[in-house]
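Both complexes below contain chain A, partnered by chain B and then by chain C.
Now for the complex of A and B:
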């Protein structure tokens, strides 16, 4: 049982890491950013590339984050910003198109097969009574905590973070009060994409694999998490990520024969939304 | 490129046109984003397959039955849409798509992951109809669906749906029963998706849960948006273009999906209102101005004010 809880926390923190970026993008631009999953996969590939050449995990994480920030910024600048005034379904479809394009690009560049991402850490595993925590799982917990704490500080303790909060509440008013919206949007995409890159590298290490289609399940499952967390609420998203991760692991361990784990997230989401239409942690409409 | 190949492609295009037009009733007219339309496509296909195989209905009897069942389940989603709104609704419909596909996949009643095999080809006067006549049948239903959409858009239901799309609070405030019209829109849209499902099941004669997954829903939405949401010509031409695109891109072989995705990005980026929508470049070039202006001008010249 405790082992399942540990596994659930690991999966949940990976979910939370990917979904935080998505919720940040939604909070500012009100776009369902499916191509975020493409940023996530490109992070994994970049990390693998850097790691195979330098054998340094820190460098791999940093360069993947930098590369993905640029990628995310480009998406924002050349795809989303020009479409902001259109119906909201239009940027969504553009995002889907971009995701299809990127997935095929990864297949062409990286090969259609699974690549191993093997990282040796300086210890193998920790054993508490009969619960095993592998070194990779420790790395994921530390990485997630570091990312989330730095997001917390960036948003709550810096001037740009304050501007971000104001913009998330009401973009027009924030603009009228002299907030530099462009800067906020750039900041938003850089943070969101670098977290996605780190999530990509950590996921790849966890499963010891990088493959072109590794983003297709997160691409839509993240929406269940983001919506559960109340669309745009960062603490809500983190909590929802952990809840879904736990629910999936524990349910598939005990009732795995009834439904696949991907359906569990969505069933939970529909049930909860019917009772709380604004999500678990969302404010009332 | 035999004639048989073209007939098959034509049938698929027709089915996609019906799907896109039916989604357009929900998303284009009523403004409710649904990202799970393939679920209702699947419900229609499975209902008709089971009715013909297990109950012994004929194709002609199973068709309206499947439409009614898909319509009823669609009305259920309509009821959910009263409580869950906007982007929350969009994501909920993704969830509904997943849950319904899971039900097909994990229950033996629906044939499990292997789906249902041996669905009959429709019979007419005791004879199996040929592929070409099947294409004609699909074409007939495309015309029926398009005409139905035209009637809706010109009727007071269409007007009510448009009001809900533009401003739901204002519609409610002016005494419109939004709940009723939203449920009607979902029921109608899903019933026609069910029709497309019936046509698909009896054409393929073999269906699996995989045919109705979330990517199919996304394809339908993409067809609608690329064509021009809210019009009738938009979804028809969009479905025609996007369904034919993979065939046209066949020479590119390994790079097909790359170009497919790239074209979606390109078209939505530079014609966000759709290639054949209200202010589209193509329409402007063809008629010299946008279509509504062209018509109103013609009417004024004829001495009739609209």
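Now for the complex of A and C:
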């Protein structure tokens, strides 16, 4: 059913977008940046705020990305960098703690209500025979493609991207070879957080809702997706996001909700850890 | 010297009198001003925080109004509000705090079924009256005679929905989207029972978890089955997404929901145009001409700037019932329970309660509201006694 394929791609794209940031941070710092979900939510709120005053989607996306980059940088500078010398579990716990804190912060600042994020695009939907693709969904596909292509370009075709790859492989050697690690880390967080911001805005628009708890499912699901794809592997994460999106769609449509939809991602994660721990595309943790 | 003596005597006398007056006033004031403590439990944090806020504001408004008018027989009410954090374990802790710590006269639940049933057990064990606002699962009152519920039982509401679908909406086939929790399941059970009894065909029944955002897969499946009506037992956010995604997919079926969707900000705003025409079973009639309801609707909107919803209104009634009972019989638990049991024809914001069953359930009409022009409007009422019997 073509419609189900469309559904799956949309869900998968959003997952891929959110998870890419997580995998990028892991690639460089070997930290599971669960607080990335807080960046995602803040992107949605910032986007809503900007859109409310400017009615411009472009501005909303740009300013949300800028705001989240700052947020992401702050997290890195004041939470992760000081903890880099500790055991790996310490920054993870700090990240989880920060995320929980942020959830309630959003509720206190933005109110417990679900806010609508209504964006009218210049067309309503495309209909091919029986299949419907709404304008918002088109936006998601375009946005995701744009982000991922940009990331590919940045990582593979720029000098900073090369430095990023080197740091991801081995931070100490890269440092020894003269790579400016600080710059790479900053660059990493800025890109990852910007993508999270865009993901947040696109998600909010698609579901016409911004709420403080919108990050709770992504927080742990993207973790499963990243493991499935291979920690640190960007193409792996994208593939995993799309796979999980399709799997959930097919499961919901054809098998009813035999198991909770979220469980699919985790079942996949468990299976991958058992049979291929480096993930589908990973090269080893 | 004599002058001083007189002055001293005068001052002494005056001081003693003044002191005596102060003591009498203080003592008397203490006796008169003994506040009546009532505990309120609501999900102030967590995914239902909007409902928690609606509940808190409604109850605070009620207590303010009553205290301004002199309280209950001269005694002010002290409303002690607790956050159950949308967690059953916390609900139990809160219940103990209210009973043993604050020594409340009664408790009110402005919370969901799973938290209410946990707290209800504690109140039942300690023989303190517990008035439940909008939790609809049968297990909440099953514990015993100290728990009363002012809203309509889940499956009764479901039955009313089934009857409304068959008799008032002119449909023949139904697809059900059932939320997989206490609330959703009890509604679905009642709906299915009556719908099938009255000749409707249930062509599909799918469950979903609370908080689900992606209904497109299952809605695509339903679209193929082409039912006349889609019935959902969702809460505002999930329900709004069901409607929105159904509209996006071009589904033409009529829509029906429950009081779970009775929320202006959470449901109407998020669903937008897609909500037009949906009928819900609930207990708050926005078009009501009953004075107490109008006073609540207008008063709340004036004070807080947003329209109230079912959760606030139901809990308002739950609190008001306790207050009326205390007004009549005082603060003794047994007397309050008796007052509830023998009450007949009590008019609240959410309708007239005909009476309470031995189990503590109400018999009252089910309101039907339809969304017209972006607002909830009156659609009809189900008052068939066979349906309303729990």
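Details
Operating definition for what follows: the second predicted complex is superposed on the first by the 283 of 285 C-alpha atoms of A that agree within 3 Å, B and C clash if a C-alpha of one lies under 4 Å from a C-alpha of the other, contacts with A are read in each partner's own complex, and residues count from 1 in each chain.
Assume a residue touches a chain if its C-beta (ideal position, glycine included) is under 8 Å from a C-beta of that chain, and two chains touch if they have at least 3 such contacts.
Note that the coordinates shown come from a computational prediction; the quantities given were computed from them, not determined experimentally.
With chain A as the common reference for superposition, the partners chain B and chain C occupy compatible, non-clashing space.
Judged by the touch definition given at the top, the superposed model places A:261 against chain C, while chain B stays out of reach. Which of chain B and chain C touches more residues of chain A is settled by the count: it is B. In the superposition on chain A, A:278 makes contact with chain B only, not with chain C. Residue contacts after overlaying the shared chain place A:176 against neither chain B nor chain C. By the touch criterion defined above, A:223 reaches chain B but does not reach chain C. By the touch criterion stated above, A:209 is placed in contact with chain C alone, chain B being left untouched. Of the two partner chains, chain B is the only one that A:100 touches; chain C does not reach it.
In the superposed model, A:1 lies in contact with chain C only, and not with chain B.
After superposing the two complexes on chain A, the closest approach between C-alpha atoms of chain B and chain C comes to 5 Å. Annotation: chain A residues 104, 260, 262 touch chain B in one complex and chain C in the other. For chain B in complex with chain A, the touching residues are 27, 33, 80, 83-85, 87-88, 90-92, 94-96, 98-99, 102, 105-106, 214, 218, 221-222, 225-226, 229, 254-255, 257-258, 260-265, 268-269, 272-273. For chain C in complex with chain A, the residues that touch the partner chain are 45-47, 49-50, 52-53, 180, 206-209, 211-214, 216-218, 220-221, 236-237, 240-241, 244, 248-250, 265-266, 269-272. By the touch criterion stated above, chain A contacts chain C in their complex at residues 1, 3-4, 7-8, 10-11, 104, 107, 112-116, 118, 125, 127, 132, 134, 207-209, 211-213, 217, 248-254, 256-257, 260-262. For chain A in complex with chain B, the residues that touch the partner chain are 26, 30, 32, 78-79, 82-83, 86-94, 96-105, 108, 220, 223-224, 226-227, 231, 258-260, 262-263, 266-267, 269-270, 273-274, 277-279, 285.
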